[in-house]
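Both of the next two complexes hold subunit A, though its partner changes from subunit B to subunit C.
Take a look at the complex of A and B:
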């Protein structure tokens, strides 16, 4: 019963966070400098035409009216129309970009998770030896490298010299991303470089902790094969903190890739957010930021639940074990 | 454990290889298609467009709009002469009542016929205050639009305006169809009579245009299709050009030009110059005193300014103290006064600033040349006693919040083929975009005379006098800077006249 209680409590928190965040996002966008109507009409606009446009877009309504109208539409799945490109439904641009971002997040995930975890285990088991030193050094070095630097290094190597991958992630007109999966590689690799350090180091330290615990020593002394000890006994416990780190970063992986997407010109959610901000396309900014927030909150929620599920101490009330 | 390391690396390499193999086939297919000359496709990387329906955009979607829409009159990019487009003839005996004969047999992309009604619709839409059209001010002079038959439009003006027809070359006066809902479809499915028609558009990403088989000029367009990618970042656009993924990148900076010129396979085109007006507001201190304006002009160093813009004075950059650009026939050559810091200091002392003064200079920091010019101005004006306080803002914020309300500002202006339009807008005391707040009765009088004068030689004498006044007591320094386009060398016949409208219908790929 405790698990269900915990689930409901977390779910409630999640909804509350989303409501609070939606208000915060709405009001922050409100106080952004620059006037939308003026931006649309450009240098030429007269005061009269700016006023007319403001009225026709409903920009003159009180702020709470506009918030309720917006939040109401959002809940019903209506993201509204772009005000920068009149007549264009946000959903027609938005979900396509979400799909691209999901695919990128997934690719990055299958790139960095197995590699980082395996390297972390290796470093943890061989703590203090050469393998550990090399892996730890590489991990530290890549963590310190911002993604725009590693991205440029990757572009230089793979696009300029080797000419294996395209410099910019352009989807030729009339084709979909499925026919152009090679555009995913460099962005995913640059994410891998950033994430490798975090995950492998976390895995290493938890591995060291577990390997020095009594039950592992007992298993080893009992004469159990080393591989069996590591993968069957140690890894189960040593994975928990790593899963938390990976889960926490899913939000970033999915919506926070503004730098990576802009660098590679990848048509995902991050670059859409940036272009929305640049053009002061308020409904689009709000849709993007709220969706990214949702992904963050949701992935934290899932991590929380996964953690509770994997850890019996949390899953069951004390004494029930 | 070495196995583990080996396993991990293998996994990474295999996934990478699988993904990289995913496109080879399709790409090869496309390339061979182009090489065999079956289809000629021109690919353009354009900046993310603002609103693309003509009339409510800031001139960034040129390739898209000038290909989909047509105009009544075009400018020949080679000779600079006005040539018939949708209008075949235009005439007005006294400059007040204008008759336009329209081309027959022209159809819109949706199959409907192009008639006088469409021209009337376009002009009335332009005048509609709800649209907030960029050209609404210019059309205030229009009193009546009549359509005696399907291919004649008669426009009656409130007063004589002998150069009125020049307006129809403007990039914002594309001819729209009276049957089409531009309010709802203009952004997602633009439709006109142009040489290319829209096939597919992904908002904010790309647009595919194909040859309009029914185009009124039978030899055009030369290319079969046009692919336009909306790339927000100029550096990414250049990467695409270098990688051979696009053929044309408009509006590049001088730094990129210098880099590309050192490489094989690229051509830099500079089809025309545009202006950066350094405006000194005449309605407030300190520039309400002409001595201060003159002091600033005496502190100018055109050569230094040109270098700051990565150009050469007299070649790619031009310095002028009047708003009339030197490529127009109305331009009068007046020798530069020369940099004279002592004279500048004297004038400032006369104006009551013996110890110099501080002036806020507002500009758009993300607009080409904006930052270069402002920093150069600060440096060259300092010895005379001007301490420029640089206030750079993103272009939209600059335009929305500071332009028209700054003691000093730098603003980008496109060239008006008829300079009287620019004078009316920006230097007449009643002009809606009078950014320097000029209010000079003699200037107002001359602008009015220029607009109404039918005799070209008398008109020119007014222009001459006006330019002398600008040098004596004007409120503007005009720095002409080149508009730069990078193309791959395979692109031939890239045409873009001073109207800024690129004519991709002539372009071919070798």
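Take a look at the complex of A and C:
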């Protein structure tokens, strides 16, 4: 089976990438200037106490031993302890943040994917007409607009004037995100504004390509009605490139939303990463970066499989007739 | 009423015009065409590309681009299609007027099963249920000799061969039993043996389904096989229509005559005939232009041709747009075309018997072990100096791989290539500059091998500098101008870039570059396949001239046996990476000894409709090239198969003369007796 073979190959590839990336991250952090023990104890600490801490943290072990200990901990779900928040288990905050991020990603996803694809199809089918010009213009304009600008505009309209949504996406202490789902709307909208241009333009151009293909001509001259030709014959083929684009952006949607999260004060992975970097909380940086990498690799994997599944040329091998 | 329907033509086109608006101009694509197609009649339309053949058919079914507009009348079964709304047209398309196109692969939706694509036709037009539609699909596929129809409809287009795909497309067109079927170059993308089968089937189905046909092709030979009447189109006009025989035997219009006499065909060989050419090429026609469309290229033109002239019936049923050329010169019968062809003085040096190239057990595999494609599977070959070897075979037979291997673009998996005494079985990087200079290649698509950002001077000058070591710019320029003149491109072409050239000019430039450094071996891989007939003729003439003059050897690769027959001294027929037959041209074409050669020869469509030959129907398609074949590669499709020995034992080499051999289990004595009828035809036609 071709499909299974592809699946296993990609799976193997994914694992390899993760191992390579984890090494890279570990060693990069390793060569960063500054001594961890010194950082923890502060400049005033004595030589002895630094040495003692190094000893207790195992920092004097050879590098590969430390890597294996670190990576092994990860695999078992032990992310280590935060340096900045002394002794706090990283996993206790980390997974909650991941959950928030996922929820945001999901919300943004259901906001922007249908809209962009539909508009892209419309623009592609009506290429050259007014509808296309309007959609393409909006797409270009929103692509050019940085998130912090569109975010501020959104806040001004929805929070300041209309007062429908909160200005900051904070979760009051003692509550969970489930009681505060309205904080998701504005960040998700601002992501939608960023993504709309990319996805709708992609969809538009692939739609135009497909609509001018020989098999669409053949379907039309078979007497099939236009609407049917578009949805039954063109759409599936025209979606393939868009799926790739969307899939490739999944990683960014999960972990790359530093600007958006910071702007709205949303407690997600992006803002966690940022604060980890600001406080030089090395174990936390490592955890965040590694997890974001994982999301990227994993979403590429899923995209690839979805693509293979939708494309019969990959799903079914060339047959002999 | 019923009676009237019988006599009424299925399609009647009256004064149809199609125009395209561009920003600056109005382009006339179809001009004032009137045609009739009767019930069960097959109308063939021929002409070079850009003559408006396809536009005409799209105008019939109202499928023109947005900037196109039509006027006139298209009366289909008594109703003017130009007055129908787009919605009404839907009920005609695919139902009463069906179309089949050139490229079956791209005409089928890659992500829908064949069954789905067939079923929807009757479900829409006949309101069939899915299961009934499925039955109809299977039935129609069976009509087209598709054995496993029920299995085929479960598949996706990429899972079946090109010939099968085209049958599916034809089945799709047949599903609603249309009154008119329009076929636009339906076999052009197919191999010649597949083409023969499809043409056969089309003829049969026309009778069975009581249909009328419009068959479009650039190839008169193909049209001859199906059409009752032929219309010749040139720059948007029909310049001549008549019965199929009269178009060939008694063409009246200068364009028709020129077109026929520039096509290589049975019996036309370089030794005795120089192909006719038509100067210039097909240009676009602006609305402002009046008069005869052929004026710029016509050798019969005279004052007054630029004015409008009429489409008149010169003989019964024979209409032509040119009433000048032959009316006065030759009132009775026009000059026989065959006599018009210039005989070449036979003073070229006879092929010297000294080997220039030797291939010793060349194997070339692609892909990983297990899925290995045996593109070239053990080929031995010697090529003499000053001779042209034609390599012919269907797609996937390994002919291009041989060319690329000798040319150094590919390294052989194993085996030796000896060129002029040195072993060159390495890639071009490791070849000496001398060898690089001596072996040159030209390809089907010169646009891809000429750097688009350079001028011709730079393109031709570079190898001169690098491989001939001519450093003086003056000297180079002089030589470049010389060679450009030789290929009929004047000095003014020096500073043009490839995209400013037409297809024919580009191929000339590629030839010029190859010859600028006086090679000893030129590998031509389908150099004229993408060109129109008139342009092909001029490139073939050029190649013949340059070969005579330079004494270089050619390996000329083509799927077109007529072209191979015209140009070669020796012919090698390949099938699935192996040699079937090899010999001098007259031996292979005149008395073929391998069943595959025989089938190939029988399948070649002929320009001359008096050559009636029965194409041998080869079943199936070549086997999976990844499977190692024990016996004869042709065994699965061979019509003369001897027995199981063909499946189990590799066929032995059988010599018929010093130069002629084949690989086959048939006993030589038997071959002599069985008159291989296809060869007979080619032989008797030789002039």
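The rule is simple: the second predicted complex is superposed on the first by the 286 of 321 C-alpha atoms of A that agree within 3 Å, B and C clash if a C-alpha of one lies under 4 Å from a C-alpha of the other, contacts with A are read in each partner's own complex, and residues count from 1 in each chain.
Here is the rule we use: a contact is a pair of C-beta atoms (placed from the backbone, for glycine too) under 8 Å apart; a residue touches a chain by one contact, two chains touch by 3 or more.
All figures in this text were calculated on a predicted structure; none of them were measured in a lab.
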{"item": "Which superposed partner A:310 touches (first subunit B, second subunit C, both, neither)", "value": "second"}
{"item": "Subunit A: partner with more touched residues, subunit B or subunit C", "value": "B"}
{"item": "Partner chain in contact with A:56 - subunit B first, subunit C second, else both or neither", "value": "first"}
{"item": "Touching partner for A:121 - first (subunit B), second (subunit C), both, neither", "value": "first"}
{"item": "Partner chain in contact with A:180 - subunit B first, subunit C second, else both or neither", "value": "first"}
{"item": "Which of subunit B and subunit C A:48 touches, first, second, both or neither", "value": "first"}
{"item": "Complex contacts: residues of subunit C adjacent to subunit A", "value": "61, 63, 66, 90-95, 98-99, 101, 103, 106-112, 120-121, 124-125, 148, 152, 155-156, 158-161, 164, 169, 172, 621, 623-624"}
{"item": "Subunit A residues touching subunit C - in the complex, by the definition given at the top", "value": "128, 213-215, 217-225, 232-233, 236-237, 310-313, 316-321"}
{"item": "Of subunit A, residues touching subunit B in the complex", "value": "33-35, 37-46, 48-50, 52-53, 56, 82, 84-88, 92-93, 96, 107, 110-111, 114-115, 118-119, 121-122, 125-126, 131, 159, 164-168, 170-175, 178-182, 184-185, 189, 262, 265, 267, 271-272, 274-275, 278-280"}
{"item": "Interface residues, subunit B side, partner subunit A - complex", "value": "1, 4-5, 7-9, 11-12, 15-16, 19-23, 26, 30, 48, 50-53, 56-58, 129-137, 183-188, 200, 202-208, 227, 229, 231-233, 236, 239-240, 242-243, 245, 394, 396-397, 399-401, 403, 411, 432-433"}
